Amino acid sequence: MIHFDQDYAEGAHPKILERLLETNLEQASGYGFDQYSEKARELIKESVENDAVDVHFLSAGTQTNLTVIASALRPHQGVVAAESGHIQTLETGAIEAVGHKILLLPTEEGKIQAEQVAALCEEYWNNEANIHKVQPAMLHLANPTEVGTIYSREELAALRAVTEKYKMKFFIDGARLGYGLVAETNDVTMKDMIDLTDVFYIGGTKIGALLGEAVVIKDPELKRDFRSIMKQKGALLAKGRLLGIQFETLFTNNLYFEIADYAVTQAMRIKEALIEKGVSLKYQNDTNQLFPIMTDEMVRYLAEEFKFLVMNQEDDDHHLVRICTSWGTKEENVDQLIQKIKDFN
Amino acid sequence: MIHFDQDYAEGAHPKILERLLETNLEQASGYGFDQYSEKARELIKESVENDAVDVHFLSAGTQTNLTVIASALRPHQGVVAAESGHIQTLETGAIEAVGHKILLLPTEEGKIQAEQVAALCEEYWNNEANIHKVQPAMLHLANPTEVGTIYSREELAALRAVTEKYKMKFFIDGARLGYGLVAETNDVTMKDMIDLTDVFYIGGTKIGALLGEAVVIKDPELKRDFRSIMKQKGALLAKGRLLGIQFETLFTNNLYFEIADYAVTQAMRIKEALIEKGVSLKYQNDTNQLFPIMTDEMVRYLAEEFKFLVMNQEDDDHHLVRICTSWGTKEENVDQLIQKIKDFN
Amino acid sequence: MIHFDQDYAEGAHPKILERLLETNLEQASGYGFDQYSEKARELIKESVENDAVDVHFLSAGTQTNLTVIASALRPHQGVVAAESGHIQTLETGAIEAVGHKILLLPTEEGKIQAEQVAALCEEYWNNEANIHKVQPAMLHLANPTEVGTIYSREELAALRAVTEKYKMKFFIDGARLGYGLVAETNDVTMKDMIDLTDVFYIGGTKIGALLGEAVVIKDPELKRDFRSIMKQKGALLAKGRLLGIQFETLFTNNLYFEIADYAVTQAMRIKEALIEKGVSLKYQNDTNQLFPIMTDEMVRYLAEEFKFLVMNQEDDDHHLVRICTSWGTKEENVDQLIQKIKDFN
Amino acid sequence: MIHFDQDYAEGAHPKILERLLETNLEQASGYGFDQYSEKARELIKESVENDAVDVHFLSAGTQTNLTVIASALRPHQGVVAAESGHIQTLETGAIEAVGHKILLLPTEEGKIQAEQVAALCEEYWNNEANIHKVQPAMLHLANPTEVGTIYSREELAALRAVTEKYKMKFFIDGARLGYGLVAETNDVTMKDMIDLTDVFYIGGTKIGALLGEAVVIKDPELKRDFRSIMKQKGALLAKGRLLGIQFETLFTNNLYFEIADYAVTQAMRIKEALIEKGVSLKYQNDTNQLFPIMTDEMVRYLAEEFKFLVMNQEDDDHHLVRICTSWGTKEENVDQLIQKIKDFN
C-alpha cells in the first residue's frame, strides 16, 4: 500500500540523517544553546533578510501554536481564526486549555479576508458592553491553509493593516510554508512573511525534518521571555541540537525549498491527471495537497493500491478525498497513481 | 573543553542512528500508530512484565510531567513533591500553568519518606476546614532523585501503601531511571516500578536517545483518553516513529541498561578518585551524577580542561559541583579527569 | 426614565431586606455553614422533592457556570452549548479561561434539540482520529433560554436520554428559572429539573435577590468536593449567610414563584399591547422577556420615557428590542408603557 | 455561645442595611455602572487623595486576589508572597488555578522584608539558566498580615523600592486594612497605600459590609481592561449596586475607620486582660486579632462560654488560639470575656 494520505509518512530527508550522524559525537550545550541551533538561526535570519528577529525551535505544530498564543494574550483576550483552522478543529482544545477563546470566522477555501477581521474588531470595539466579550488581540491563520490554498502578498498586507489598526498581533502558522512559497501562483517571499506579521513559523515536520518548527519573532513584546514560556509548555528539548541540526541542514543550499518544490511538482502531476479524467477539485490550489471530489467507485478503485484520506461525503455517491505528496513521495509511485487514474472507467 | 556538566551533551547512541537510517524510507502511520512504536510498546511491556499497561511516548521530561499530572487531577487537587523536585525547581511553573499547586515536602538527600506523605494527608483529611486547602491527590517523585540518590524497594512499597490509603495516584519520574536501576545498591526492578505505582516514565533523552520519555500507565483512570491529553498539550508528534524507533532500539537486547551501566561505571571511577583525594560528596549515591564539595581552588583547576556544573556556595572557599556521565562519556576522558584529580595539590 | 431594559434594576424583594434586618445581629458560622443556608437547603430539597441532592449558593451566573463546568471536566473535554448561549456570547471567555472549549450548536429560538447533541456525539465517538478533537462531556443549556423560550418536559427528557447514552453530564442554567416555570405553556416542574439533569441552578439575582444562584447537584461525581472548587474560584463568601437568608426567604411560602408570576403577568400585558399594535415578536415565549421587532420610529418614540435594550438591526427601518419585567416592575409603569404603545401612530 | 472566632459572624453594620432599604426601589444600571458605585468610587479617590486611580468592587478576598494576579502576570511569571500568606495557605490553590506559581518567602510575624524580595530577585535575574525558573513579577502581601501585624511606612517604602528596581507590580491585600490603619503603632495612611503600591484593596467583608472588597489601581497596565477580567472570573455582579451602596456608606463620614477603631479598642481591652493574667501572645500586634498561647486548661475553661479558634499545638499543654473582634462585637460580651479571664485560676 502506497501512502498519499499524509506528508509525514517517511522519516527525514537523507541529508538530515547524514548530518545527524556526522555531528553525533560532538558535544554541545543543551536547551537550544548549541552551535547547530546558533547556525540555523543565522541561516533563517538570512532567509527572512532580517537580522533583528528572534528564532526558536519547537517540536510540533500544536505545541508551537499554544506556546505562541499563550505568550501573547492576557486572560480576557482571544485569537481570531478560521472556522476551518487547525487550532479550532484538530488540536483537542489546546488553545482553550491555555485559557483563550478562539474567535471564529467562516471562510471560503480556508482563507480569512481582511474585511472579516475588521468587522469583528469593529463590533467589539464599538460595543459599549464589550466587557462581557472576549477581546480580539491576535490573528492566527495558516499559509498555506488547511485546504492547501495560499494567501497573496496583497491579502497579507491587507490583513496586516487591520491587525495594526486594532493593535492585534499577527501570527502565521507555516506548518506547510515551503509548499506554499514554491507554488506557481505564489507571490509571497520569506521576507514578506516577517515584514507583514509579528511572528510566524516555518514547518519542518511536514517538509523533510523528523520533527521541528522554527518560530520567527519580530514583535518585541513577543520576544520577551519566549524561551521561558517554551520551557513551561514542555517545548524546550534538552538536546536542542536535534532541532538545530535539522534546520541548519534545511536552510543550507536551499534544501527546504527544493524539497517543497519536488513535492509540489509531483502533486501538480497528479492534479493534471485528475482534471484530465474529469474529476473536480473542491479547493483550487497549487501546493502539495489535493482535494478531489471522487465517485465512491473511484475511491474504492484507487484504494486497492493507494492510501489517501477519505473525508466528508459530498453527495449520494461522492466523497471528498485528500491526496498529499512530500519529499519522500517516489516519482515512480506518482507514475503508478497517474496510470491508475487514467485506467479508471 | 570536555563536558561532564550534563548527560545530554552528545547526540544518540549509534545504534539508534543506525536504526533511524535503516527505516528512514519505510512508510508509517502518524501520531504513534506506527509499527515501531507498536513494537517498542511490546518490548516495554515485557520489560515491566505486565501486558495490561498502556505505553505512550513523549518528547521531554517537563512535557511528560505536566501531561500526566494534568490528566490526573481535578481543579482543587494538587501533587505532593519534594522541595528539591524538578517540577518545583526547574520547570518554569509548568505544573501551576496547568492549574495545580505543588504541595511541598522538605527532603534529605532528595528523597520523600512515607511518613511525610502520610502526615501531610492526615493533616488535610482531618482538617474540618480543608475546603480552603488543596487536596493531596497525587505523589510525584523522581527515581533516581535530582541528586542521584535512589529509593529502595521497601521505601517505594511504604510510599505505595500511603498513596493507596489516601487514594492518591503515585507517579514516578524516571528521567534517569536506567542509571538508578543499574546502581550497585539498587534493589528495584522494572516490574516493581509499575507494581508499586500507577504511572511512571522511562527517560530516554538522558540515556542514549535524541529525545523521548516512555510513559507506562497501570491505573485505569489515567489510561482513559491519555492520548487526547497528549495531543492537547502539544506532546503528540506527527512522526511518532521517531520516538518508537528509539525505544524499540533501547529495549532490544537490553541496550538501555547497558548504556546506563557504562555511564554509572565511569561515574564510580571518578567518585573513587575524588574520595581518594579526600573530596567529600554532598549526596551519597552510586548513579551517574556526583555532587562533590570542592575547594574553589580545585574548581578552578579542573575547569581548565573540564566543564561541570558549579552549584551553591557551601562555605567561604567551597562550592558544590555536579559531575555527570552518560553513554557518550569517553573512557579516555574519564582517565584524563581522574589523572587531573590525582595531580591536584 | 423607567427601566424595562433588565430584570436587575432594583434591589431585592422587600421580604428579603426585612429578613436581613431581622437576623443582622445573630451570629453565624462562615462559608455556608450558617443556620440560614442550612434552612434554605432544606427548603430547596423539598422544592425539588429530593432529599439526596447537594445544594450550594454562589453569587452570580458566570461564576456558577465556570465553577460547575470546571468541576466536571477533564482537560480534553468540552461542554456542548448553543451558539446563542450565555457562556458563549456574554461571559468574556470564562469557560475557556478554566481550560475548556465550548462545542457549539446552532439554534432556532435559542433551543438545543436532542438530535443535534446526538449527532455531535456520534461524530466524535465514531471518528477514529478523535484524539485530535475535544470530547463532548457535558451539555449546558439555559431554561428559559437567553431569548425567553422554554423547554418542554419532553424535550428535556429527550436531551437526558442523549446525555445518558453518551455519558455526558447534563447541566441547566436557570438564571431565570422561575420565569420559565410559571409560564403558561410550561409543563416542567422543579422535580423534573433535577430528575432530568445532573445539576442545575436556580437564579436568584434576576428573581428578587440582591445576588445569588442556588446550585442543585444530583450526580455523585459532581457532588464530590464541590465546595473546594467554589473556594478556589472565589465563589465562597465568608458571610455565606447573605445567600442563605435570601434563598430561605425566596423558598418560604412560595415567594420565588410568586415573584416570577407577577413579572410574567406584567410581561404578558405588554406583549398583548404590542400584538394588538401589530408589532411582531422575534421569539415566541411567555416568560419575562419580550423581543419585539420595532420600527425605528417606534423605538425613538418609546425611548422618550422608557429604557429598553436596542439590539440588532433587523432591516432598514427595524430593530430588535428587548423588554424585561421583574418583581420590581411597577404595575403603574406597565400601564403607562401600554398606553404609550396604544398611542403610537 | 459568643463568637470571638472570626470577624464575620454578624451581618452588616446597621447603617449599611439602612441605606440598602432606603435605595431599594431606585432603579440603577447593572455591572458596576450604577450611581452608588460611582459615588463610592469618588469617596475612595478622596480617601487615597488620588483622582487618577481606578476603583472596582469585588465580592470576596480570594476572588480579588486571583483576579488581580491573573490580570497582571504573563504565563511564566509568578507572585512573591509569604509562606504564611493567605493566597498560599487558605485559598485552595486559586492562584495556581489561574496558572501561576507562588514564590514563597519565610516570614517572622507574617511580614516580608525588602531584603528577602531583593535576594530572591537577584537570584533569578543573575541566574543564566533562569529560563527554567518562574520569574518574580509581582509582590503580594497582606496589611495587616494574617497574624495581625502591620507594616510601617518605612517597610512599605523599602519594599516599593525593590519592586520598582525589579519591575515588579506591588499588590497589597487589605482584607483587614481598616484594623491596621487605626492601630496605635500604625504610621501608614490611605494615601501611602496607593503611593507605595501599584494596586491594593480595601476589605469590606471583615469590616462591616455584607460582602465586598474595593480594588484601587494606580498602574496603567493593570487598569487596562480590568473589568473584562473581573467578568471572566465571575467577579462582576449584575447588581453592582449592592457593593456600591456598601462602600458609599463605609466611606461616608469615616464609618469604615470608626468601625475598625471600635473593634481594635475591644481587642486591646482583651489583650490587656490576657497580659495581666500572664498569658503570652505569639504575635505582637495591636489590630483586631489576638494570638495568645494558652494552657489547654484555660482553653477548655474559656470554651465553656466563648467560641474562638484553636490553632496549632505549641507544646505538651499549650495551644495557639485566635481571638477576633469586629464592628459587631458587643462591649458587654467583651466585659464578660475579660471577667472570665480574670476569674481563671
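A, B, C and D label the chains in the order they appear, each numbered from 1.
In this text, a residue touches a chain if its C-beta (ideal position, glycine included) is under 8 Å from a C-beta of that chain, and two chains touch if they have at least 3 such contacts.
None of the values given here were measured: they were computed from a predicted structure.
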item	value
A-C or A-B, whichever has more C-beta pairs in contact	A-B
Pair in B-C, C-D or B-D that repeats A-D, with over half of contact pairs matching by residue number	B-C
Whole-Å separation of chain centres (CA-atom averages), chain B against chain C	50
Centroid distance [mean C-alpha coordinates] between chain C and chain A, Å	42
Chain centre separation in whole Å, for chain B relative to chain A (CA means)	34
Contacts with two or more other chains, residues of chain C listed in rising order	75-76, 91-93, 97-99, 131-133, 228-229, 231-232, 236
Contact set on chain B toward chain C in their complex	31, 70-71, 74-76, 98-99, 130-133, 135, 225, 227-232, 236
Contacting residues of chain A [partner chain B, same complex]	2-3, 6, 8-12, 14, 17, 20-21, 23-30, 59-64, 66-67, 91-94, 97-98, 205-206, 210-211, 228-229, 231-239, 241-242, 328
Residue ranges of chain D touching chain B (in the complex, touch as defined)	75-76, 78, 89-93, 95-101, 131-134
